[in-house]
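Pasting the structures here.
Both complexes below contain chain A, partnered by chain B and then by chain C.
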Partner chain A sequence: MDVRLQTSMVFHLDKCIGCHTCSIACKNIWTDRKGAEYMWWNNVETKPGTGYPTAWEDQSKYKGGWEENGGNPSLKMGSKNSRLLNIFHNPDLPKLDDYYEPWTYEYEKLFDAPEGSDQPTARPISMITGKHMEVEAGPNWDDDLSGSPVYAANDPNLDSLTEEQRQELFDIERLVFFYLPRICNHCLNPSCVAACPSGAIYKRGEDGIVLINQDKCRAWRMCVTACPYKKTFYNWSTGKSEKCILCFPRLETGQAPACFHSCVGRIRYLGGLLYDADKLPSSVQVPDGQLVDAHRDIILDPKDPKVREAARKNGIDDRTLEAVERSPVYKYVMEWKLALPLHPEFRTLPMLFYVPPMLPVMAKATEGVYDTANDELFSPIEKARLPIEYMASLFSAGNVDHVTLSLKKQYAVRLFKRLETVGDVDEKVVQFAMNECNMTAEEAETIYRLTSLPTMDERVVIPPMHREEALQMLNDNMWEEKGSAGLGKRQLPVRGN
Partner chain B sequence: MSAKLVRETSFDVSLITKLLIISSAILIFFALGASAQEMGAKAFESKCFSCHNIGGGDKQGPDLKGLTDRRTLPWIEEFTKAPLAMSKKDPIAAELFTKYAPTIMPDQPLAPDEFEAIIELIKNLSSKNEMFTPAGAKLYRAIQPGDIDGGWRYFTGQTKFENGGVACNSCHTVNNVGRLGGGTLGPDLTAANIKYRDPELILILQNPNFPTMTEMFRDHKLNDEEIVQLFAYLQNSKAENPHAPIVATAASGATDPKFLAVGFAITILSLFGLNFIWRKRHKGVRADIVRRSKI
Partner chain C sequence: MHEYLLYIFLPYMAVTILFVVSIYRFVKDRFSYSSLSSQFLESDELFYGSVPWHIGIIGALTGHLIGFLFPAQVLWFNSVPVRLYILEITGLVFGLMALVGIVSLVWRRLNTPKIWAVTSIMDLVVLFLLLAQIFLGVYTALFYRWGSSWYAASAVPYLRSLFTFQPDLATIAPLPIVVKLHIVGAFLILLVFPFSRLVHMFSIPISYLWRPFQIVKWNWDRKTIRGQYTRGNTEIAKNAK
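Entry: the complex of A and B
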């Protein structure tokens, strides 16, 4: 057993209000720079929709992630030899148009414009060329289903639906959407690391954060293609690739990452997970349908004495283990089995998990009266407006059982609390719902508490980073680092360096 | 007894020594004079004769007979060192350049003793009214049928020169040398044997005295066999091309249009090739989705 620590995340989609505050917090801190204008390390997508970059989930076009390849996963972008042959021209890079051309407005014109018969206007100007531009798309152009016939209709996940289901989905009365915030998944089997010809990308041993060494990056941009989530970006100004760093300078000083900290809906949970690195290869060699189970199989119980023993042997500190025990991520992913990985079929073992959203109540307008379509207060999962197959395509590689269980549990918790606080539902119905997913009253209560009333310290349990121990391995002179944290040496990334 | 003997012996020795000294001094005097003359002839042969003669009439350059009577020594020295530079300020030099155009005399950085020896030779031959005859300038054997082809192989670099010299077509071309022709840095050598007489051509091959070639062939002299074959080939180039321009001296600077056309064609073909190799490259998704949705 080779126990390692991963800083891991859960996004509770049922709570996401799609306000993009996380994106803005991230933008202001990390990507408000020349060359990074088009990057959104954190972005929020509307589903069904094509997301950012457009249709990123369609790997037949973007060639990201791993291919099953008969139980021996290989990079979808090609073999080592073909990558070497294409090293000076990577043919599978997203176009700027697939992201969007970043723009701002000529605000100063509102003040400077000479007096005229018309109001002064602030025309959009490209942040890349500096010239006036016609805005045609943006990173959340399909927000709240805007442009649905174009963007929502081309969501790659809709391929899992029947033609009838697709048509129903876009019926005016059934139109539905939810939000999907995305950051780097800090995968256990990261394809970006595997694809880098310079060895510039690495997974930090002490916490599993995936980083790009700006000194080593040589701008081959293989990681941009290899990442199936398209969360590595190429900075055209510095000539280096960059990505979400999970705000590690904040984590090292005990603060939540900026997107977690600013989250209005409080949907984001962060905590440590222990996993068995020995089991890692076999967990990506299973058929699609078993991927979620295999993924959960490598995550270890931090309370198991054997695991703790092996963890200590691997140099994981007792205080870290204590934090991992309180990890909200472990509860959502392992104990309650509510949270699922996004697109496990890419086989990168993403360590950001999502609680699939309960969808809104079915409603129908009859003779001008808008009424809920069924008698029950919460619509059962079977009558969900978004077919379960769609959710399964997103969160469990097509395995409907995992998504069904997660949604039924959430449904049962809602009924359970409704009975307790209001009492207008039939107790038998509640009991039936809870039995269906083997849930005790105690579990329902803890799920409810961590979902609805968690404090900041319950949502974000940062395992002590013990940066000093990691540094000790690299540097003899510890006094240099005393009182410092984060980025370490502050040398600007420079093209050609 | 012994003292007398010693005296007699010493007298004998001193006499022999004196005789030896005198005779060797005379020998050295003559030898030096002879070698000075020889040096002048050799230098003239290797460095001047391909274009000039003494008493043999004008060639690429003027006959140098009676040169020292026509011009002052400093003028000759300056002109030899930098003819082109001088032609820009000196009217006589300018006139010479006009007369022998388009030939341009290359700069000749001669050693001082070499220069003096050549001047002596010119004075000597002019006063005696004799013509200069080169001592070398002969092929070591007669030309045989296979030599033309062999020369072509040397010219195009298919056979390497023994001493590592650069193949001729790196800088020179000859009509019909090959499809792409040769280089354009040096002059076109078609009909070089009309421009230069046989002994001159042989001399050039033995000891090329042009600014670029002097440096390049200083340590890479052609051997006798190579000279024979190249000579045969250059002679033949005239026979094949009776209408070739007789005078073609400096590199024209104009690029062969055929070469340009071939280059252009290869570029276009390569672009099509690259487009084919990467035909499955990512060409953008969003624009495509929007276009399809509008139809």
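Entry: the complex of A and C
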């Protein structure tokens, strides 16, 4: 058993209000720079929808992630040899237009324009060329328009639905959507790392954060193709790839990443997970339907004495183990089985998990009348307006059982609390719903508490990083380092040639 | 006098600067040690520029290298006319590929506003030098026939004399001006090499072929059990509770 620590995340989609505060927090800190204007390390998509970059989930176009070749996983973008042969021109590189051309406005024209009979206007100008441009796409072009035949119809996940189901989805009275916030998944089997010819991308052993060494990156751009989530970005100005760093400078000082910290809906949970690195290879070689089970199978119980012993042998500190025991991620993913990985069929073992949304709980259109007074109060999962197959296509590689269980549990918790606080539901109905997913009253209460009333300290349990110890371990004479504090580059990340 | 400058001083200076600056830049400014890819901003035209250019230039340079290393064997190979024709045509094809490539790369860079936005002066210098050099090379191949043979007999002895630090200009003296410009152009390219995007030639990621897929880096010593340094602190923390 090779026990390692992974800083992992859960996003509770039922709580996401789609306000994009996370995106802005991230943008202001990390990507408000030349060459990075078009990057959104954190973005929020409307589903059904095509997302950012457009239709990123369609791997027949983008060639991201891994392929399972009879027990021998290989990158979908091609073998190592073929990557080197294509090094002069990467045929599968997403282009700027797959994202959008960043722009600003000529605001000064509003003040400088000579007096005339027309209102002065601020025309959009490209942030790349500085010239006037027509805005044709943006980072969130189909925001809130989902269910529409214009944008959402191109969502690759709709392939899992029947023609009838798709038609129903586009009826104007049945328009339905939810939000999908996305950051780098800090995968256990990252395809960006595997695809980098320079070996510039690496996973930090002690916390599992995936980073790109800017000094080693040689702009081969293979990672941009390889990441199936399209969360590595090419900086066109510095000629380096960049990605979400999980705000490691914040984590190392005990602060939540900016997107977690700023989350208005408090949907984001962060905590450590212990996993068995020995089991990694076999867990990505199972058929699609078993991927979620295999993923859960490599995650270890931090309370198990054997696991703790093996963890200590691998140098994991007691206080780190303590934090992992309190990890909200472990509860959502392992204990309650509410949270599921996004597109496990890409086989990168993403370590950001999603609680699928129960939407919309009430209301249906009957003979053209929008009726919010459903006799069942909360409409059962089977009648969900967004077909369960759609959720399964997103969160469990098509295996409906996992999504159904997660939704039924959320449904049961809701009924349980309704009975307790309002009391207008039949006790038998509640009991039936809870029995269906083997849920005790105690579990329902804890799920409710961590979902609805968690404090910041309960949502974000950062395993101590012990950077100070790392320094001591790697330097015999730590006093030499004293007073030589300071981070980062001595030169600006600007290229002359 | 100008011969001394162009054919003896220039090559030694260019090669010295090439080595010194390349190493200095690698140590001091590794961040910039690559070509600034613009495929993200414009991909389709790049395909028709970059691919023929790279295949052409690699083929052409390999030909020059073989001639330099094995002049006698090349002359022997060329003693049969059919083999000479094959070699000449092969070289010309590579040269034309490089020419087509560099012309479309220049055209693309000058005519695409987004590419122009990421173009430095050094990029233009390099493009001009390469364009001129390839043009001179292809011109030579077309109008001064059987270059594969006379290269081995005239330019190679001169190049070898440079390597042995006994520069001898006798064999290149009678060469036409186009060929002489080609020689000077080559040394000028070596001169700007370490200051330009050409340094990407030194970062060919060949080790990718044998490294494992996944890379994990530990910022601490895995053999040392964590906590032993701070166990005292843990005790204090517990007591504080």
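We adopt the following convention: the second predicted complex is superposed on the first by the 454 of 497 C-alpha atoms of A that agree within 3 Å, B and C clash if a C-alpha of one lies under 4 Å from a C-alpha of the other, contacts with A are read in each partner's own complex, and residues count from 1 in each chain.
As a convention for this text, a residue touches a chain if its C-beta (ideal position, glycine included) is under 8 Å from a C-beta of that chain, and two chains touch if they have at least 3 such contacts.
No experiment lies behind these values; they were computed from the predicted model shown.
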| item | value |
| --- | --- |
| Combined model on chain A where chain B meets chain C, clash or fit | clash |
| Touching partner for A:Thr54 - first (chain B), second (chain C), both, neither | first |
| First (chain B), second (chain C), both or neither touched by A:Lys428 | neither |
| Partner chain(s) touched by A:Val150 [first = chain B, second = chain C, both, neither] | first |
| Contacts of A:Trp236 with chain B and chain C, given as first, second, both or neither | second |
| Partner chain(s) touched by A:Gly205 [first = chain B, second = chain C, both, neither] | second |
| Chain B versus chain C as contact partner of A:Tyr62, first or second or both or neither | first |
| First (chain B), second (chain C), both or neither touched by A:Pro190 | second |
| Superposed model, chain A: greater residue contact from chain B or chain C | C |
| First, second, both or neither for A:Leu93, with chain B first and chain C second | both |
| Segment of chain C that clashes with chain B, given the candidates 3-11, 21-29 or 165-173 | 165-173 |
| Residues of chain A that lie at the interface with chain B and also at the interface with chain C | 89, 91, 93-95 |
| Contact footprint of chain B on chain A as seen in their complex | 50, 53-55, 58, 61-63, 89, 91-95, 97-98, 136-137, 149-151, 153-154 |
| List of chain B residues in touch with chain A within their complex | 278, 280-287, 289-290, 293 |
| Partner chain C, residues of chain A touching it in the complex | 80-81, 83-84, 87-91, 93-96, 126, 128-131, 189-190, 193-194, 196-199, 201-206, 214-221, 224, 234, 236-240, 312-320, 466-467, 469-470, 472-474, 489, 491, 493, 495-497 |
| Of chain C, residues touching chain A in the complex | 29-43, 46-47, 50-51, 53-55, 113-114, 116-118, 120, 122-123, 195-197, 200, 203, 205-209, 211, 213-227, 229-230, 234, 237 |
